[in-house]
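Look at the two complexes coming up: chain A is in both, with chain B in one and chain C in the other.
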Partner chain A sequence: MINEIIATLIEIFSSNSMQIPLIQPLVDYLMEIPLLNILVALILWRPFFAVVIMPGLIVLMLYLLYIVWFERKLTARIQWRVGPLEVARPIRGAIQALADGLRYFFQEAIVHRDAHRPYFVQLPILAFIPILLPIAFIPAGNAVGIKTPYAIQLIVAFLALIPITIIAIGWASNNRFAFVGSVREALMYVAYEIPFIIAVISMIYLYGSGDPYVAVEKQSLLPGAILNPIAFLVFLITMLMATSRLPFEIPEADQEIAFGPFVEYSGMLFGLVMVLAYEKLYIMALLFVILFLGGWNGIYCDLLGDLNAPLWLFIKTIVVISILAIVRSMYARYRIDQTLRYSFSWLIAFSIVALVVGVVAGWIV
Partner chain B sequence: MKVEKISRSPIAELKRHVDVIQEAFKQALIPDRITIEYPRERRKYPDNLRGFIVLDKSKCISCFRCAQICPANAIQMGFYDNFYPSVDYTKCIFCHFCVESCPTGALSGSNLHDMAFKSLEDMKVKTTQMMRLPTIIREDKQTVEYFVTKREWRLVRRKELEDLSVLRIIPKIKPKRAFCEEPESCLGCRQCMEVCPHDAIVMERCEVTLEGEVVGKGCILKVTEKCVGCGLCVRQCPMKILTLKEVE
Partner chain C sequence: MEIKIDVPVEPPKELETLFLPIPKDYVEDVYKKDDFLILVGPQHPGSGHMRLIVRVKGDIIQEVIPDPGYVHRSMEKLAENRLYIQNIPLVERPAIMDSANFNLGYVRAIETALDIEVPERAKFIRTILAELCRIGTHLYDAAILAVFLGHTTGFMYPFGIRELICEALARMTGARFTSSFIIPGGVRRDVDERTLRWVYDATFAIERRLKSFERIFIKNPTVIARLREVGVLSKDEAILYGVVGPFLRASGVEYDTRIVEPYEAYEEVTWDIVTADEGDGYARFLVRVNEVSQSLGIIRQCITSMPEGRYVSEQICDDVKGNFFDAYGNLVLPAGEYTTLTEAARGTLLFTIVSDGESNVPYRVRIVTPGWLYLRGFMESLKGERLADLQAIYGSFGYFPPEADR
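Let's look at the complex of A and B:
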């Protein structure tokens, strides 16, 4: 009975597995070992591979370890400092984020008396639902969790849910800084969400579909950044605003309101809320690469087979995020009124121009 | 300096954006780092920077001037065979007033600038510890020096290492001696005589007899060759008629 179930499962997994010629002999060898073969088959099952390994959770974890260190190090270099160094000195402090994570893990998470206790503890975990669900819809070549022609719209819809959890976190903290931070987050949400959605809609008009496969296929000659440069610019700026990075780091302004909505968190809960913005940045950068930089188009290597597409998507995403990290050390923070003025005048105007460009270009193409 | 009005034209704004992006990428690739990795890099200090205070016990005359002049109240006089100073480095502000006020040059500075103490109690350096020169353990791989002009601020790194032997910086002492400016104002209270650690002040006996005859040379202060110029009498004198004067 159990053998039949396992055999059925292996058959299901193997029918839709990643074909990677480089590790094929190893896979063939492992598939003959009982119990281990079901694990190997599961890992190489395309939906599982896309959601859990690449571009899913494991790569997301590695990216978090990398980007926290890289951003601190780059900012330090530009500001004439050294940056994290003493943890693992031979590799220039590269495991600093891991050390910080371990410290958060063993630190006491304090829930203060005035906080709304259930929400205060639940919301950092609930916030991961809208952040991690888009991974199921982001395809990387053949590796895809849930294949749907409305993937781009779904990703945008999930991204729009994230600020609600952050505002709720600020409310549950019951602290004046957290309150100011949540109000700022709400204002920023109104400021960036409209130009962002219009920019995405312009690209959907351009490609004629919300399907990432269609979008990537249409970018085989020219990337979307050249097809619609205005939408590219608007998306870039709204991405900075949405992930509260420095020119628009208004909700979390360290120097003014001490990390805003997350001011009361400590221990592991702080570790969870701290990476929210980075994970949102990862999802948005994946969408950015799919819409504007040709997705998983790249030089095809026969040896890697199906792994080509996730690898190219990942490399492009990391490059985009690494370039975005430098913006942090270049600009000072805008005031909330300046940001709202810019976004409601210039950004919306640009996004409407981008929409017109998208409609016209979509009609020509 | 007057702040000029910034041009807000789009071309000027764009130029500033390009400038900042250029500078950021330049610094990201070749950073002009100005922080010092302390134990691995030793900063070259200027020669006249004030450092650890050393005591030469044989010269000390226990005049207490160092303890009295200390603005941070860091010097305490402890009794051994005589009173000798000890410095509390939790309070010391390295003004070196004590070194400059020392009349005999018993206290002197040194070229030791980075001191490390194991505990707060160890920072109260005793007289016996002040009498011997400490040693520096070498941890540095290179020497760095700040190069500061009006336009530029950068750090110069060199491979050659500094000599780490701790040296006393011998202060230049000009011999001084107490001197009475207005002998006619002297009260004859003899406080100067009592305070003098070297019995250098001699008061000659003076009496006026019933016949109106003056016996002796009078209430005249006589500073003998024993005076080392510690200035205690100057501080003590109620009429403020004593001063310190340099002698050749």
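Let's look at the complex of A and C:
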């Protein structure tokens, strides 16, 4: 009975598995071993591989370890400092983020008396849902969780849910700084969401479909950044606003409102909310690469087979994020009213121009 | 359009327990009129401990009541129980970055009392020290301003540049700051040619590094957007509220104690008085940035035209080395009141020593620091601005609570 179920499962998994010639001998060898073979088949099953391994959860965790270290190191180099070094000196403190994470894990997570206890504890974990859901829809070549022609629209819709959890976090904290922070987050949300959605719609017009496969295929000659440079710029700026990176680090301004909505968190819960913006940045950067930088298009290597597409997508995403990390050491913080004025005048105007460009270009292409 | 909703608002109970220096009915009045009281501080992530009681309507600041005194160290009372010479390390403490200027002000008061003629070489060395400390203070304030605006690179660069100032002070005096190097009648030790050469070279290194600071922070569009037309003090307002120093000059008033009542070597070097007309946060910042380059010029001129001669006056003793306590231990000032004005980095600094003419400790020492003088103007400039601008204006004034509280 169990053997039959396992055999059926292996058959389901193997019928749709990643073909990677480089590790094929190893896979063949492991498939001979009972019980281990179902694990290997599961890992190589395309939907599972896309959601859990790459560009999904495991790569997301590796990215988090990398980006926190890289951002600190880069900022330090620009500022005539050394940066993280003492944790694992031979690799220049590269596991600093892991050490910090461990510290958060063993620190007491204090829930203060005024907090709305259930929401205060649940919301950092609930906030992961709108971050993990888009991963199911982001394809990387053959590796895809759920294949749908409306993937881009769905990703944008899930991204729009994240600020709601942050506002709820601020409300549950019941602290005046957290309250000011969540009001600022709500204002920022209004400021960036409209130009962001218009920029994405302009690209959907350009490609004629919300299907990432169509988008990537149409970029085989020219990347989207050249086809519609204005939408590219609008997306880039709204990406900075949405992830509260520095010129727009307004909801979390630590000199003004002491980390805003997250002021009351400590321990593991703080570790969870701290990486929220980085995770959002990862999802947005994946969307950015698919829409503007040709997605998983790249030099095809025969040995890697199906792994080519996820790898190229990941490399491009990491490069984009690493370049974005530099703004933290370049800019001061804008005021909220300046940002709103800027967003409702220039950014919306630019996004409408981008929409016109998108419609015209889509008509030509 | 303003929509009025009649919601009965009770002043929070916690406001009664916070020992606010305001009348009780003021709090009730605020809450009746749909305003709020926000307490900024005393644990402020800025440059010291001070509480600001901010009355806001929405996001607009209506009134700010300062509650200083959290770092009050009773300098004036402490000074009454020490020998005149022992007070020198004490009076430096209000603003440790600006120690030479504070030291100079106090020592000059003693020199006026005893009618001591300071040798030329000592005057030049004192000027170099004062200007080095001025640059250091301006850099420190620029760094604090940068971190208030969330610009961490703008915070690190001035501190990196200030290391050169500290090194120059350490080579000249032996301490990175609070060196107590200036004594009545001159300076503690002579400064040799090699050290002066090093300081001269360091001024060029500072200038080079300031260029990269200018690229990343001073001309940064986000910084200009945050500071321009924020916290404006017009010329008349600045005079009315008694603002001093670079902040007065930023409002277009040409007043500098170094020009009006020249002391030390300021008459013998050429330099320009830096002013601006706007009177906003950016002007206040730019005036101090330009003052740094003027100070660098003064230091270079002092070093190139440094006269030979004694470093401490003959009226005190032949040589301080070895008989410092003999020379200064029994210093008694003639009865009277002696006042000096000094241009410290943040503005006019007043020292008054009252002596009874028979004891070897001062009867009274009065210190009025620039921070205390421009506090009123600082509070007035906040009116009508947004709450998020409070930090920007705070930084643009370079307000330093330990200095104001003494």
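Note that the second predicted complex is superposed on the first by the 365 of 365 C-alpha atoms of A that agree within 3 Å, B and C clash if a C-alpha of one lies under 4 Å from a C-alpha of the other, contacts with A are read in each partner's own complex, and residues count from 1 in each chain.
Here is the rule we use: a residue touches a chain if its C-beta (ideal position, glycine included) is under 8 Å from a C-beta of that chain, and two chains touch if they have at least 3 such contacts.
None of these values were measured; they are calculated from a predicted model.
**Q** Does the superposition put A:258 against chain B (first), chain C (second), both, or neither?
**A** Second partner only.
**Q** For A:338, decide between first (touching chain B), second (touching chain C), both and neither.
**A** Only chain C is touched by A:338; chain B is not.
**Q** Counting only touches as set out at the top, which of chain B and chain C does A:2 meet: first, second, both, neither?
**A** Neither partner.
**Q** With the two complexes superposed on chain A, say which partner A:329 touches: chain B (first), chain C (second), both, or neither.
**A** Once the two structures are laid over each other on A, A:329 reaches both partners.
**Q** Per the overlay, which chain contacts more chain A residues, chain B or chain C?
**A** Higher number of touched chain A residues: C.
**Q** Between chain B (first) and chain C (second), which does A:81 come into contact with in this model arrangement: first, second, both, or neither?
**A** Touch partners of A:81: chain B and chain C.
**Q** Using the superposition on A, tell me which residues of chain A are in contact with chain B and, in the other complex, with chain C.
**A** Comparing the two interfaces on chain A, one with chain B and one with chain C, the shared residues are 78, 80-81, 329-331.
**Q** Which bits of chain B are touching chain A when the two form their complex?
**A** Interface residues on the chain B side: 20-21, 24-25, 27-28, 31-35, 37.
**Q** Which residues, counting only chain C, touch chain A once they are in their complex?
**A** Contact set of chain C toward chain A: 45-46, 59, 146-154, 156-157, 160, 216-217, 220, 222-223, 225-226, 386, 388-389, 391.
**Q** Can you list the chain A residues touching chain C in their complex?
**A** Residue positions touching the partner: 75, 78-81, 246-247, 249, 253-256, 258, 328-338.
**Q** Considering the complex alone, what residue numbers of chain A touch chain B?
**A** Contacts found on chain A: 74, 77-78, 80-82, 85, 326, 329-331.
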